[in-house]
Amino acid sequence: MIVILRPDASEEQLQHLIKKTEALGLKAHVSRGVERTIIGFIGPEDVLRVTPLEVFPGVESVIPVLAPYKLVSREFKKEGSVIKLKENVSIGGQQIIVMAGPCSVENHTSLSAVAKQVKKAGATVLRGGAFKPRTSPYDFQGLGEEGLKYLKDVGDETGLATITEVMDPRNVELIGKYVDIYQIGARNMQNFSLLKELGMTNKPIMLKRGLSGTIKELLMSAEYILSKGNFNVILCERGIRTFETATRNTLDINAVAVVKQLTHLPMMIDPSHGTGYWNFVGAAAKAGVAAGCDGLMIEVHGNPEQALSDGAQSLLPEKFESLMSELRLVAQAVSRQI
Amino acid sequence: MIVILRPDASEEQLQHLIKKTEALGLKAHVSRGVERTIIGFIGPEDVLRVTPLEVFPGVESVIPVLAPYKLVSREFKKEGSVIKLKENVSIGGQQIIVMAGPCSVENHTSLSAVAKQVKKAGATVLRGGAFKPRTSPYDFQGLGEEGLKYLKDVGDETGLATITEVMDPRNVELIGKYVDIYQIGARNMQNFSLLKELGMTNKPIMLKRGLSGTIKELLMSAEYILSKGNFNVILCERGIRTFETATRNTLDINAVAVVKQLTHLPMMIDPSHGTGYWNFVGAAAKAGVAAGCDGLMIEVHGNPEQALSDGAQSLLPEKFESLMSELRLVAQAVSRQI
Amino acid sequence: MIVILRPDASEEQLQHLIKKTEALGLKAHVSRGVERTIIGFIGPEDVLRVTPLEVFPGVESVIPVLAPYKLVSREFKKEGSVIKLKENVSIGGQQIIVMAGPCSVENHTSLSAVAKQVKKAGATVLRGGAFKPRTSPYDFQGLGEEGLKYLKDVGDETGLATITEVMDPRNVELIGKYVDIYQIGARNMQNFSLLKELGMTNKPIMLKRGLSGTIKELLMSAEYILSKGNFNVILCERGIRTFETATRNTLDINAVAVVKQLTHLPMMIDPSHGTGYWNFVGAAAKAGVAAGCDGLMIEVHGNPEQALSDGAQSLLPEKFESLMSELRLVAQAVSRQI
Amino acid sequence: MIVILRPDASEEQLQHLIKKTEALGLKAHVSRGVERTIIGFIGPEDVLRVTPLEVFPGVESVIPVLAPYKLVSREFKKEGSVIKLKENVSIGGQQIIVMAGPCSVENHTSLSAVAKQVKKAGATVLRGGAFKPRTSPYDFQGLGEEGLKYLKDVGDETGLATITEVMDPRNVELIGKYVDIYQIGARNMQNFSLLKELGMTNKPIMLKRGLSGTIKELLMSAEYILSKGNFNVILCERGIRTFETATRNTLDINAVAVVKQLTHLPMMIDPSHGTGYWNFVGAAAKAGVAAGCDGLMIEVHGNPEQALSDGAQSLLPEKFESLMSELRLVAQAVSRQI
């Protein structure tokens, strides 16, 4: 922790600060410059974090030296984590995995049909929402447990791993009975009750970055889960909110390289939400693979004209299949496989 | 709903669109321009909302005509809602109310002391967090039920109404036993499970705008609560996330006038989170009152050097008292009282 | 300047860094913590600024201690600057001044009419664009020199000081012949050629914050002007670009208090551009006065239906007059006058 | 142009609007819905654009139907433009071209050395700033004409085409004598005087997107240049300003696909400014190629420790060479060449 004093800070204020922090077990290194005095504090950062040094008289600014996360950091674990999603399906290795399927589970027939198509094209995980976070209370809210059953049935039929979003800590147990992977949606990245509840399970969790979540906050949210004991966390960039309105969100492609440098956890890209329009999904997916992501989540729907949600960003199964062929080439170009 | 066709859209595509929408009970008005064909759809907007018109072949863009919210709108209810918070305390009328207190409830003694001070200065509601949403799992998470008890005790002692944040739908009942007003924090503006749960209570709810929540989304989240039956919703602007880092958040002062135009619900300002530094709180609070807000929420702490959270943005009780005098003058200047 | 080393930085890298910086005349204070080594550099910050310390091997991050601006800072000049705009009109003192008039100068008759009306209502500066920055090349680009002549004539007639935007360094001299104050528009906040050119004049300059300009960058742009010798700079917040689309821009009301703390220069608010809709202008103007601004710039047009630009955000003269009465009350409430 | 009336709009207001617009040569199609009346206007959009319909009494909102740009649009010209930069070097075709070199031209020796290295690695255009837009007036401002001479000499020596930034309309002629391509920097995207001046030359122009420029505004700025007669415009995404601070800017990778859909002009990516750190440049460059860009601009410096600007984001020549090999593979994967 570094503290910079105001130019008009008195010696008394400096001594007050040193005395208070030494009482907490910290050691202060004072550097007196011509225009400012700087203090470097050595000692347990955790202690310092709970003391609001910026309110001490004479303090101009406080600069943390260490990242606030630990268990998720590359310093804690150098090699990348490989997370097993199902027998023969894992993420974080050489293989880039693809999760595909409809935005919402709508019925057994259409889910089964699309599942077979995405499997044939090379996806290994089936996505589908049973509990949907919708901006409007009047929009389709998902089928609930019925949708979970369809997911499980179709997962069993096809051998695909399954993923669905959990929005409420009271549904964690129920959802855990039916699917292989929990998804935490962008709107819940800082739903700390939910993070803690999921941290006490042992299933893989895919944590999406919030619309205005910084990369550091994304890692802190992952830290919540790891700190409760569940290390099977996958991160996902799905577009952030900016001033640009030509796309639904702005896919932060830089986040892939930044996250891979800071943490050992696998990193995915969601080009469907990251763009919001099916005709831009392909370009964003290829960019994600080229930038080094470990997985992709793509919305595919057999009949977007009748989709109950997010039709505009869903690919038709045949488009998805041809995209997969293209992605395979890009993956090879960066020494990966799909 | 207005649909604009692409310049290369075929007559066949137009007829396909009309046929499909007429089957849903809508009537299409077609205007053929030189460069584009426009279709205005008349009929139940709710029907249209679930049909993803933007995926129909030939469609360039889809423009909704009606706001997606109803119960919260000024069209639904012309006069402003006045919401009773406690005997003799209500918000939405001539009186601008002030909610004040520490970020977190820390112990009975300090809460009681600060409560008396803010009451004397003119506050009518005591704030204090018992369950705290913290970015880091290693930061102080609040006292939980113990904190609620202190809040209730101090509320009883002083006659102040009390408000605290609820983060988890499982805590709604518990918190309801102790406090007068539920607060939904910025990170939970789109925690739809929580919104629905609170919509089934009948206590006043203060809903904070999310860090990247648009005004429209804020109103939609309020609509969730009203649509479940609870009309006692108060909105609160507490700063949005932008590129500017000189302050913790950017207080969107425009939101006051926009919200007051669109909805009948009362609108508050939180200048503490809206700025992040105690020395800017006064200017932001005065701006809020001048812009027409119905209430203010201000963090006050007896000893910010020892605050367990948000010390940097807390006012000392004496600063709060002098700010209240200044606010009274601004309120009078805009024909209100504090 | 503070440098934080990476955890894996070698002693050799540390010595390389110290040797290089000592050669530049700097002194290094090294603090070795358990997890990181920190180096505080003492010496001429100007020297350090041109050395890219972040590229030295082993360096994790570099944190500047001093603000990059000097002449504009409160440390350089404690008391607020009062800038004379015309005989009997100055900004930065007790009086809050109001600049009003049409977005564009359209003709002599309408300019003269509106000038008389705004003067009567209490404005002391007449605004009007002769060279207009328009997003589209097909939109009205302003009357050029003809517009300047109308401005001068009407300024002479009414005794109002005049302000107009300068977009091109080649027009500085021409515009200087006709008007009292140069305006630098938001899009030109970092047009450094223009800043330097204007720094060599001695007329007052009103510098608007860019759509994505940070407060620090705004101050750096002012520093460009002052460093060339012209200290008569007035700053203006006119709304920044964020994700919110309910208003044209997001007026950063916090900027008033922040800027007043950091610099001695006067600070204005432009509620017309800051909101984009005439019906929100009043609330934003009152907020600006309550927050402590030194001046307001407000668009007023006699017939918005026929305005050649920005009609939607222009007030009718009678609305402006009643707003001025309201503003006077708010100004008094914060011990100022209008 | 579509106009939506307020629910309380009177018949009189509707007739007033129709009368006024018919006088301008427009035809109104009125659709009366249950809750709102909608008017579609047919006729010359240019006429409508200058009439501020949103200020007419009774109008709730105004929605433009046509894009405000013409010459740059795909509707105007279906096939992509191929722009010749020098004998044997053009952009917009199958070949993805790479522009590389130092941020600033510093001296002849180092420029010549780096030029040979980037040429050997496969770059065909040499970049280097002679007039530098720097946030601080105290930072290195570029060598001016001396730098231009070095650029020309080294261009002649190596056969590389050359590009440099122009910031001031008064330098257009001077710079035109020395270099092959003009660059308009992000801060000048809406410097309309400069755009117009460059529109009257016939050299290729690379126009960078502003930090807060929307894609639509970028296209409008290009339209300024084309409307003056110069069709040789290349667009460049270089990162936008968002709330994320882990990188210097947020590279908007979506912009590649969006721009390629809307316009026939070539589209480049600048991964150096788009990330701000050399270690993220490779990932962003590969993403750009995979997403379909037509060119890359990459900063390369022989000795970043001594770079006078932007050292932190410059690649060493050997890193650039190995990146080029990797980019070649990605280009092939998307059926392009480098």
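Some points to look at:
The letters A, B, C and D name the chains in turn, as written, and every chain counts its residues from 1.
Here, a contact is a pair of C-beta atoms (placed from the backbone, for glycine too) under 8 Å apart; a residue touches a chain by one contact, two chains touch by 3 or more.
As the structure is a computational prediction, the values presented were derived from the model and not from experiment.
Seen as a C-alpha superposition, subunit A sits on subunit B after a turn of 180°, to the nearest 5. The distance from the centre of subunit C to the centre of subunit D, each centre being the mean of the chain's C-alpha atoms, comes to 26 Å. Separation between the centroids of subunit A and subunit D, computed from CA atoms only, is 31 Å.
Rounded to whole angstrom units, the spacing between the C-alpha centres of subunit A and subunit C is 38. Across the assembly, subunit A contributes 212, 241-243, 245 as residues in contact with two or more other chains. Taken pairwise by the contact criterion, the protein chains are fully connected, each one touching every other.
By the touch criterion stated above, subunit A contacts subunit B in their complex at residues 20, 46, 49-52, 54-56, 68-69, 133-140, 167-170, 187-188, 190-193, 196, 210-212, 217, 220, 223-224, 227-228, 241, 278, 304-305, 307-308, 310-312, 314. Contact residues on subunit A toward subunit D in their complex (touch as defined above): 212, 214-216, 240, 242-247, 250-258, 261, 274-275, 279-280, 282-284, 286-292, 326, 329-330, 332-334.
On subunit B, the positions that touch subunit D within their shared complex are 2, 4, 7, 29, 31-36, 38, 40, 42, 45, 63, 65-66, 75, 241-243, 245.
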